[in-house]
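Same chain, two partners: chain A is paired with chain B first, then with chain C.
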Partner chain A sequence: MRQIMGRLVTLTALDLADTLKPPGFDIMIVLLAALGGSLAVIQPLTQGYVIVFSVLEITMIAITIYLALRGAAGITSLIESGIMNVYLSYPIPREGIAVVLLISRVLVPSILLLGAPTLVAVIILWRNVIDHPLEVVAMYSSYLIQAFFYGSVFALISLKAKTPGASGVISVAFYFVYNVAAVLLAHIGASRGLEELTKIANSMILHIALYNMYSGAYNLDLWNLAFVPLAAGLTASAFIVYFTVRFEP
Partner chain B sequence: MSEGYVLTLEDVHKTYPGGVKALKGVTVRVEKGEVVGLVGANGSGKSTLIKIALGILGRDKGSVSLNGRDPFRDPRAREGVGVVFERPTLPGGLSVRRLLENTARVYGVPRDYVDEAIDLAGLRGHEHKTFPQLSAGLKQRAAIAHALVGQPEFIIADEPTSNLDPIERSKILEMLARLNRERGVTLLISSHVIYEVMKVATRIIALRRGVVVRDGPVSQVLASNVKVRIRAANPEVVAKTLEERGFETVIAGASVYTRLKSDRRELIEALLEAEKRGALVLSFDTAEPSIEEVISE
Partner chain C sequence: MKPPVHLPLYSRIAIAIAAGVIVAALLGQFFGAKTESSFSGAIGVSEGNAALIAVLSVSSSGEVEISVEGARSVYYLEIAGSPLTAINQVTALGVQVESQRFFYDVRSGLGYGDALLKADPALLAVLPRLSGNVMEAGKAGKNSFLVREEVEAGQGLAVIAIPGSDRIEYSGVFRVEGYYRMNLETALLIASAITLASLVPTLAGRALQKLSQS
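Showing the complex of A and B:
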């Protein structure tokens, strides 16, 4: 077990070197950090959750597209180039390789890309967030879980896509369809006075649900907050199971 | 697993999505210490067989045992197995040296083996470059170093000499043969160029459209396929004498073409008989068969 863990850590480091290799990731992280700083200066907000929301709401679009085009499409590139065969030829369990891919292609890029602008904003506005650090952590985590959900769906798409381009396009399309659906449901719910529909729409985007909870806009049930984490867990599990049982490069 | 076999595939079938039947009941066994040449034209199923042997692809039917385990389900089957893939591709984010150090860690061997693998593969001086920065020949060598770094007891090489010039091809094959001779490393080498595999293999397995059509020692597989050209002053007499002894012949100008049977003495005796009948044999030479000729019967 210890030996397998060691091998998985090594493979994660190996794959991360590919995922995070410059140019691309380094430029992206600098740009997002600068964007975070700019937004924090332009809108010197006072509440922790609002600060994180105002910074990450815009950067989330860029991050998600990055996850689709570089992270998940990178999995299709691994398959297309033959590097996946190399990974699968190591004495490492398939489910372990699937977890490595989720970590290096989805989780770590999400942590860093969301973390950079948040960190810059928190440093600039530290006097305003110092009393409510949990709000910052909770909002950041909600974006992270949302990004992980998208990334897991993209990763699943990448296993079936024929080319990295197709993988990226289908993933971005999913992202927009999902978000448009959430917005439409929210508008229909608001215009017809159907609060439950609005709650469903809000629960599809975890950070919106959390923002509404903090702002007191809606009385949310537990399932409203649990929807995206559950969906992320299910999608990641589906990716691991499919990769282990059915995937053939 | 049968005793002494590092790899066995029993009645393996594989159909790709879309209905392409890549393997149709293939049975292959590789003994410890053997050098097996897996030959076949492009699309014959060689790469599919190798990927199934490694557990990279599943199979529809049949059983596979690598080091006594099912490689699709048990990753321990791939312990001590080095692999060179057809298109040499390795992760490009790190220098080759760093990549090999990580690979050594994956296989649980000391870093010292990295230098040894670099030297064995002839990669010295280029190990600080990343994989995409290497030339085609050096990429192949890097892929071989990658296969060697885990101190393998069994190397599976899918077209290890593709994209190389003739001199590089010979060097790579000689290096693999040396590993077998000096360290007893078992080798399974696939190629669509049969004369290359013949240089190192002790046994040939020939695939045609997903079916094993030949499996035996190199001499046995090639014996019935060696072409012979006999130049003679009166080729009709030579051809008639050969045909009387069961050889199929074709006359082309002053030459008679036939195929060598398993015992080449028969041919020599037939030529002596032809000379007794007044034929003047000027010369005869042999040519190794092409892959198409080996798999044609």
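Showing the complex of A and C:
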């Protein structure tokens, strides 16, 4: 067991070296830290949840595209180049490799790329943040869970896509359709006075739901906040199961 | 040819954060947030008209102060969401919106707008009382009123003025409270410290390695 854990850690480090390799990752994290941080200073932000929302709302688009290109397209590249066969020949269970891919292609890049601009904002506006640390952590976590959900879907797509290009494009298309669907539902809900429809739309984007909860714009039920975490858990589980049972490189 | 030697991941991330702190502090110094914003406007009114003035603090908490001249009575209520939404919502009550304007001061995070409402005078008289949270503004002189309220981020005020003359004038100020931003000097100091702390162990390790090899 200990040996398998050691091998899993080695494989995670190896795969992370590809996901976070320079110069792509370095350019991305510098840009996100600088521009995300800039978004924190152009308006007076005094509340923790507003600070994180202002910084990460636009930043999230870039992170999702990174997850689609380095995450999903990266996994398809591993399959296409034959490196996946090398991974699979490693004496560790397949579900372990699936978890490694989710960690190195989705979770760690999301933590770092969302974390850098948030940290810059926290440093620059520390005295405003110090009164609302939980709001900052909660909002950051909501973005992280949302990114993990997108990343898990992208990872699933990557196993079926034929080329890295197709994998990246289909992933970005999913992200676009999902977000447009949320906007349309919210719009129809607002114009027809159907509050439940608006709530469903808000539930699809966890950070919007949390923002609305903090700002008091909507009275949200527990399921509104549980929707994305559940969906993320389901898609991550589906990726692990498919990779273990059905996937043939 | 030797392969490029990259810095360790923690150094690369630390340098990115240091660069982010410098860029954000620089931008903040020259184009950063304002902690006070003033606004004013005037609306020509006649019989059957009322004026609606709406303000919203998008991103910060603070105090809104609005003085209204030329009104017979002034009512106000706290709102959440866009002032435009507040303006549009009154149309559902059979009130016609004859004109509306909306402005947004990005640097103070304040949105404000006004609208000219037209409806049956009897409806206009009861309009402010349709919501349970409506408050009556304090009188500051003949036909002049003063509204002063604390607002949180995402909250604002909708002020309804029933005319006492043919022109309603308003002016207001929004003061952000509890805002702090690190100054450029401190930011430069912190960014330098982050960069040094992340580079020193790596560079010292490499120097020691070279020394031991030679």
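One rule holds for everything that comes next: the second predicted complex is superposed on the first by the 249 of 249 C-alpha atoms of A that agree within 3 Å, B and C clash if a C-alpha of one lies under 4 Å from a C-alpha of the other, contacts with A are read in each partner's own complex, and residues count from 1 in each chain.
Please note the rule applied: contacts are C-beta pairs under 8 Å (C-beta built on N, C-alpha and C of every residue); 3 or more make two chains touch, one makes a residue touch a chain.
These numbers were taken from a predicted model, which means no experiment stands behind them.
Colleague: Based on the superposed arrangement, let me know which partner A:Glu248 touches: chain B (first), chain C (second), both, or neither?
Modeller: First partner only.
Colleague: By the touch definition at the top of the document, which applies to A:Asp15: first (chain B), second (chain C), both, or neither?
Modeller: first
Colleague: State whether chain B or chain C is in contact with more residues of chain A in the superposed arrangement.
Modeller: Of chain B and chain C, more residues of chain A lie in contact with C.
Colleague: Answer with first, second, both or neither: which of chain B and chain C does A:Leu88 touch in the superposed model?
Modeller: In the superposition, A:Leu88 touches chain B alone.
Colleague: A:His132 contacts which: chain B (first), chain C (second), both, neither?
Modeller: neither
Colleague: Touch check for A:Arg7: first (chain B), second (chain C), both, or neither?
Modeller: Only chain B; A:Arg7 stays clear of chain C.
Colleague: Do any residues of chain A touch both chain B and chain C, and if so, which are they?
Modeller: Residues 20, which sit in both footprints.
Colleague: Within the complex, which stretch of chain B touches chain A?
Modeller: Listed in rising order, the residues are 51, 54-58, 75-79, 81, 83, 85-87, 89-94, 98-99, 102, 105-108, 146.
Colleague: Residues of chain A touching chain B in their complex?
Modeller: Chain A residues touching chain B: 3, 6-7, 10-11, 13-15, 17-21, 81-83, 85-86, 88-94, 96, 248-249.
Colleague: Give every residue of chain C touching chain A within the complex, in rising order.
Modeller: 6, 9, 12-13, 15-17, 19-21, 23-25, 27-28, 31-35, 58-62, 80-81, 106-109, 152-155, 176-182, 187, 190
Colleague: Applying the document's contact rule, which stretches of chain A touch chain C when the two form their complex?
Modeller: It comes out as residues 20, 22, 25-26, 29-30, 32-38, 40-47, 50, 54, 112, 116-117, 119-121, 123-128, 131, 215-217.
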